[in-house]
Amino acid sequence: MDESQLRDLLSGIASGSVDVEDAVAQLRHMPFEDLDYAKVDHHRALRTGFPEVVFCEGKTSEQIIGIFRAMADRAASVILGTRADKAKFEAVREEFPEATYNEAARVIQIGAPTKDPDIGPCLVISAGTSDIPIAEEAALVAEAVGCPVGRLFDVGVAGLHRLLDHHGQLRDAEVIIVVAGMEGALASVVGGLVSQPVIAVPTSVGYGASFGGVAALLSMLNSCSNGVVVVNIDNGFGAGYFAAMLCRQIAGK
Amino acid sequence: MDESQLRDLLSGIASGSVDVEDAVAQLRHMPFEDLDYAKVDHHRALRTGFPEVVFCEGKTSEQIIGIFRAMADRAASVILGTRADKAKFEAVREEFPEATYNEAARVIQIGAPTKDPDIGPCLVISAGTSDIPIAEEAALVAEAVGCPVGRLFDVGVAGLHRLLDHHGQLRDAEVIIVVAGMEGALASVVGGLVSQPVIAVPTSVGYGASFGGVAALLSMLNSCSNGVVVVNIDNGFGAGYFAAMLCRQIAGK
Amino acid sequence: MDESQLRDLLSGIASGSVDVEDAVAQLRHMPFEDLDYAKVDHHRALRTGFPEVVFCEGKTSEQIIGIFRAMADRAASVILGTRADKAKFEAVREEFPEATYNEAARVIQIGAPTKDPDIGPCLVISAGTSDIPIAEEAALVAEAVGCPVGRLFDVGVAGLHRLLDHHGQLRDAEVIIVVAGMEGALASVVGGLVSQPVIAVPTSVGYGASFGGVAALLSMLNSCSNGVVVVNIDNGFGAGYFAAMLCRQIAGK
Amino acid sequence: MDESQLRDLLSGIASGSVDVEDAVAQLRHMPFEDLDYAKVDHHRALRTGFPEVVFCEGKTSEQIIGIFRAMADRAASVILGTRADKAKFEAVREEFPEATYNEAARVIQIGAPTKDPDIGPCLVISAGTSDIPIAEEAALVAEAVGCPVGRLFDVGVAGLHRLLDHHGQLRDAEVIIVVAGMEGALASVVGGLVSQPVIAVPTSVGYGASFGGVAALLSMLNSCSNGVVVVNIDNGFGAGYFAAMLCRQIAGK
Amino acid sequence: MDESQLRDLLSGIASGSVDVEDAVAQLRHMPFEDLDYAKVDHHRALRTGFPEVVFCEGKTSEQIIGIFRAMADRAASVILGTRADKAKFEAVREEFPEATYNEAARVIQIGAPTKDPDIGPCLVISAGTSDIPIAEEAALVAEAVGCPVGRLFDVGVAGLHRLLDHHGQLRDAEVIIVVAGMEGALASVVGGLVSQPVIAVPTSVGYGASFGGVAALLSMLNSCSNGVVVVNIDNGFGAGYFAAMLCRQIAGK
Amino acid sequence: MDESQLRDLLSGIASGSVDVEDAVAQLRHMPFEDLDYAKVDHHRALRTGFPEVVFCEGKTSEQIIGIFRAMADRAASVILGTRADKAKFEAVREEFPEATYNEAARVIQIGAPTKDPDIGPCLVISAGTSDIPIAEEAALVAEAVGCPVGRLFDVGVAGLHRLLDHHGQLRDAEVIIVVAGMEGALASVVGGLVSQPVIAVPTSVGYGASFGGVAALLSMLNSCSNGVVVVNIDNGFGAGYFAAMLCRQIAGK
Amino acid sequence: MDESQLRDLLSGIASGSVDVEDAVAQLRHMPFEDLDYAKVDHHRALRTGFPEVVFCEGKTSEQIIGIFRAMADRAASVILGTRADKAKFEAVREEFPEATYNEAARVIQIGAPTKDPDIGPCLVISAGTSDIPIAEEAALVAEAVGCPVGRLFDVGVAGLHRLLDHHGQLRDAEVIIVVAGMEGALASVVGGLVSQPVIAVPTSVGYGASFGGVAALLSMLNSCSNGVVVVNIDNGFGAGYFAAMLCRQIAGK
Amino acid sequence: MDESQLRDLLSGIASGSVDVEDAVAQLRHMPFEDLDYAKVDHHRALRTGFPEVVFCEGKTSEQIIGIFRAMADRAASVILGTRADKAKFEAVREEFPEATYNEAARVIQIGAPTKDPDIGPCLVISAGTSDIPIAEEAALVAEAVGCPVGRLFDVGVAGLHRLLDHHGQLRDAEVIIVVAGMEGALASVVGGLVSQPVIAVPTSVGYGASFGGVAALLSMLNSCSNGVVVVNIDNGFGAGYFAAMLCRQIAGK
């Protein structure tokens, strides 16, 4: 409700065309409706393809199903459950037979996103094969948001030519997600090669002084290449969501 | 503005006793006034003695004086500047000749708090003499909020009898602030002796593996005594503010 | 034993009405009785509702039952066992059939606290559904201490309106406990909205750079809002105990 | 050089229209020119407004001037020197009298960026006044890249209404940079309010358990809001560069 | 072999009473025998009661039995296996039926130490019941070294009177071991009460910000009491060994 | 392809002896072939004995077998799988019956390296018996690279004579690997005794404040002895590879 | 006051030989006198040579002089001020012309300790020349406590023979203090060579990954040698005090 | 002294050709001479070019000059002082007018190393200009050890082509030192490009989450490239020394 609508409402009261109690009802939650102005935008986004996402870790199957059901009632076009183990998927599938499961990425999905050729693509790169689960989580989320995704896996800096062999894919992507554990150097190398935005995802892949992904995280935060931003360790979801959000924005959607 | 006031306002419009434009002006910022409902309480508190407080570290003298001036214009009864070095005080005094300065606590003060015998007292205990600046900061802030303060300094656990000699003071306090660096054990010991709330302030006093107060902070967070809560390292202000807030609440003010 | 009681005792000896050996027996432990002055207060508190609490983690079922039995012999009105898994509860229930168990909060309880309408309420807020076990632990402990508790769960800052929708509950609470993992921002937001004391409980909910609750802990310790104090990660017990202690003190009990 | 150009060149040799030595000269560095394909894009970007940026910390005035001179020779439209103290600026100005200096942001600038109304705006928000230097660095860099910038400073979560009062600015920005020290909660709150990309910059503002910005960094990495990415502590440059890069990309430039 | 023995040996050669080859044989390993001078002392100590100790964690049952057998062949009077789980004990007992096992302390023992009333006693104090396994490990090791041990368990600072009730035991001990997890304050409190050496053992008992014993470790390293030294987290063995070594030295053995 | 080869190729086109399309085909990937110059060296090294190594942790048996098969197709003389548990070995052996397994080192090996008496030896020293798995991994890798290896296990500094007894082995090695957990002092001691390069491998052996190998890692990084370099915690592979690479280089192979 | 004295006092009252008020006065502070039983021992120790020690860091010259004056009034035989810079010494000397100053160790001393040939000696070993200030602090404190001290400086493990050349000193010491920065390996090496108690003092000498002494601290806490205990980083005072306390106890004083 | 020499000596005594006292004198220090066997090698190395090196940080000018004088007396061909500020150099030059000083590297040098064309070269690569001081320290030390050094500075991964442009230098080096701060990715990239040993030196260049070089250190320890070893943060000396030691060994010197 903006100021002119407010003025209309009050004028309606003054003229007797609006009942006081009706106006109270409308105004009572105005602060929050107003606060929600962004949420309205967000809701618009949802209607055009943003998925509803449930972080399943630490929730019971019952809780997950309950939330999915509420989302389905709101007619969400795509519902994702991230960090879901197989047992939770099995439970969900009993209620939602159409649900699918990507075991590597640990993602439950209900509903297929609309594919819009004007959006993206974004490119998801992983340094090693062990980083693929997180890379795949990022890719699935970006696709669920409606953004086509290219995948380029196992192209770490120990064999730089593997990356350079795919310069076409690098060039054509609008946004690039780099998923890497161990020393995470791939983010800087990609950032130095391209002029598009790079979203770096440190993973917990490694041992010893990788400290569960801290080495990769610090490496990425300190990247000497411009245009590199970072999300939490193993946060494939966050990177995929952000990348797709950018691609949609670039496409003007 | 609560719901009944809103209804009155709208009824006023309906009856013609309130002008639409006046109502728009009142309602335009309603969300934030409403959001501010707590702030109104807070403002009431301020009128009855809560000080305006400026964290001076990292602000220029010009910025500090500007903020003080704005506060004075709002007729704040007491204005505090914490973590202010002497040069900043000198600059402030040129504009506010009535300003006083506690060099140990690095606190600038303008205006005297009202003293209310029904409130408190709270007791500020320090483990060592090096902890006194933070302890004094806590005490000054609590006094500025209008809560009488007892001080009991240099009673660390290396000589427990020094603490036990003052059991009367311990017994009579409504809230106790324990300020300690090094291993911070005093908070647990006091917490084990009394049944009042204890607010523990770790200080950066120490060297080597005290890691700038981390040892004391962890010690206090892990206290085996019930009724001990913790604030940031060297946060005398936060402890004094919280303690005085409690004492006022206990006194029903 | 205070000074006048001491004088009476000694006068009794002088007048022959007290036997020397009886006086020795009374005085022998005087230091500790005296030290215990606070404990006497504490005992008084216990009689009026403070629970006996056993931290069950790292204790065998036998040890827990033994301690419970000793407490029951002292006629404790309420006995709590925190951080107890279900197997320990089963073992306890064989001895204490009246024992109840809150599985989410992992709390065993024997006896019902007296409910005193003059006390509190305190309000327990959780940021996410995964924080509920710790929030529930805090609530159960506060209730066991005799303080009515409101619950407001899953109102994290990612959807601020969820919190603002409940401003009535925020306004009516005397003390507010904020339970949050991940970035723990809710504590600062609540602290900025209200003028009551806020007790922040960081939880280990999160992954990657949450470092088992460290991110939330640091966030809360560095809160830019006044009136926020902190307890250990996942220490629902400590927050509930402290909050109820405050509410009782405010109620003058 | 792409494949068709290569084919043309070789055909030119075959037909005698291209000299072998000329072709050797062209091909000699082909790998790196090819590698540079992205750099060519980047160079194009530079011609249309991307600045040349020198990180001045840890470089001597002589080194800085030398690099500036080389950039000027390449006819860079805008040259920035970040993290430059005043003495270095004085030295630079002797050689480049047109250089200007933003003391708060510690940025030297030569040349004015072209202003393109089709780009952006991005919005730079700071939580406190002490965060302004980093926020201003971000804003200056984004402007130097050719992106209009809105500024909204000192709107931390301790007084949420200050932020909400400016919802228009929040709504109109294409990208939002949030600069915050201490607990860094503002990033999550803004991320929860808007649907645009949020770039979070933790600052080293704070004391004690802020650990030089680590508290804010961890808070931002663990944000419960979607659409939040993070750069290094105090890295205003990186955030401004990334934000402007996005805005240009959204504008199709 | 000291210089006079060397001179005798060489004179023996000069006089023909010692064969050159015999002397070569004696001198060949002299460096190591000499290096071993301390070991000889050590061996003497062993003969008079120092146990042979095997750290069993990370060794297979076969390896442990092999080492025990070698020790038995050297006629060690007492053999200890620390950090041994029950399965390893079962395996050991098949070979050494006389072996005993303390399950709490996870210590296997073969042979009974001689008890010498002139030595010690040392006193082992634990803060909580959960610290008892480490405390018991310390006690068993000290006893195995031949030093009588007093035990005083569950006397943490949350109830200081529990400790003070046993001042006699404190006074009579020659060396005191304090075993505490959580905030580890007991070490400082005991160190402040007594004038004997205190050996502090931090334990990993606790949760959240205890960080596996780091809180207690830092607390003990930063003790404000004189006469407190520290061993590794959960290193009951090291404390018991050191304490018994001191008591023997004090007794002149 | 170097410049003279490039000139020849282009001259061939000019003279008509080389077809344009053939030249395009050759030049198309030139950058990467050129980049690969080092890889060619590397391939040469492989032909003369460098093994192909697969890090098996975090890969499925299927993935491992697939990679092994590809390597076998390239006729790798030796294939190693490191950090492989027994189940993975069982799976591999079904496909490669000639595969062998070192259980302590968790290494799968296919093919026997050629033994060249002109190379090495390198010496692998371990501080304790618990460090042997990592030491053995280093030794197996060095042997697979074609470098003879001496082993000297359980010679930690607690009994220095055990090390000194083997000075012959120390003297004869060309490169020395020191594998140690706990405090890692052995690396400095060996580095102080010898003049050959020492490669230090911290292990995660230890407990409490060893922090999973951090204590040993820091100890080795801060060695006061010259000629000591360090690899990641538990990185026996890296040390063995580096040592063998050095020995081959010294032997001119 | 022990139990028999208490009985005498009460009997005196019963018999009329003691006045009730006199008895009250005597008993009023009994708890703390009793608590002080250890302090009495301590006072005895002080009379026979234990120094009064003031930690000067973080205290003003005025505070230091005030404390020294109070100590002198109590007729302390030796007064030490540790961590005192030269300016503080100059100030102290104006009041106490007999004060001396050890600049390396930053120790002010008033009064000469009595030298008792029956005590000690203890031996202070430093790894490098940069560790000497802390080593010297330890030595001065031990001497002030009345324990003869041997010094053996710059004998780090990079040149082990330097240590072994002095095996006589090692053998003759009753207690050994090892002061080492960087990797701190010397503590383990000495602990492995001798059978006496070793007190390890990590120093902040080093750079990079020494992290201000953390590397040495962790190294010492994880020592694989028996009989090694640790004090805080740079805590020469604590080690010297503890060592001298042991030597006096061994000497039966 | 080896066994045959020992036998000769003893036979000399037996035959009367050697005096007992002379033999005692020779044998008295035998252990340490023997221990020193490696040192003899080392001495040989020194005579052929290994420099004497003094770490000047934390030593007074007097101490440094004293050590230099002792070295000069031993006729050291080259003396280096590392981490020496200019004031210390000035003091040294008064005594040693031939001393030279590299201000960037903070290295004092006396005497010129012999240049041996058969050795090396090693190549020192730096990522940025701010890393040059440490890179230069490494280069100077390697040269002082007698190993020719190539330098390749400012070739970080943000502009990979800068590195690839110099593949000739990469190919020709026998050992490569990579000096990099910030995220330290250059070490992995170089390690992936070459087949020679790579010694990685993390530097403290960076800010925020570089944590004084920790980010680069962890990055290098976790390198996914084979053949990379690591030294302490900013330890140019250690890398240069190790690299030159390898080059000499490869050259058979």
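By letter and in written order, the chains are A, B, C, D, E, F, G and H; residue numbering begins at 1 in each of them.
Everything that follows uses one rule, which is that a residue touches a chain if its C-beta (ideal position, glycine included) is under 8 Å from a C-beta of that chain, and two chains touch if they have at least 3 such contacts.
Quantities reported herein were computed from a predicted structural model and do not represent experimental measurements.
Minimum number of contact steps separating chain B from chain F: 2. Comparing the CA-atom centres of all chains against that of chain F, the greatest distance is found for B. Taking the mean of the C-alpha atoms as each chain's centre, chain F and chain H sit 24 Å apart.
Per-chain CA centroids place chain E at a distance of 41 Å from chain H.
With centres set at the average Cα position, the gap from chain A to chain H is 50 Å. Those residues of chain E in touch with two or more other chains are numbered 31-32, 34-35, 159-160, 164, 193, 208-210, 214, 217, 221-222, 226, 232-233. Contacts between chains, counted with the stated touch criterion, involve the pairs A-B, A-C, A-D, A-F, A-H, B-C, B-D, B-E, B-G, C-D, C-E, C-G, D-F, D-H, E-F, E-G, E-H, F-G, F-H, G-H. Every residue of chain E that touches chain H in the complex is listed here, in rising order: 3, 6-7, 10-11, 13-14, 16, 20, 23-24, 27-28, 30-32, 34-35.
Per the touch definition, chain F reaches chain E in the complex via residues 129-130, 159-161, 164-165, 205, 207-210. Chain F makes touch with chain H in their complex at residues 34-35, 37-38, 41-42, 45, 53, 164, 167, 170-171, 174, 193-197, 199, 217, 221-222, 226-233, 238, 241-242, 245-246, 249-250, 252. Within the complex formed with chain B, the chain G residues making contact are 29, 31-32, 35-36, 39, 57-59, 63, 83, 202, 204, 212-214, 217, 232-235. Across the complex, chain E is touched by residues 127-128, 156-160, 182-185, 188-189, 191-193, 206, 208-211, 214-216, 218-226 of chain B.
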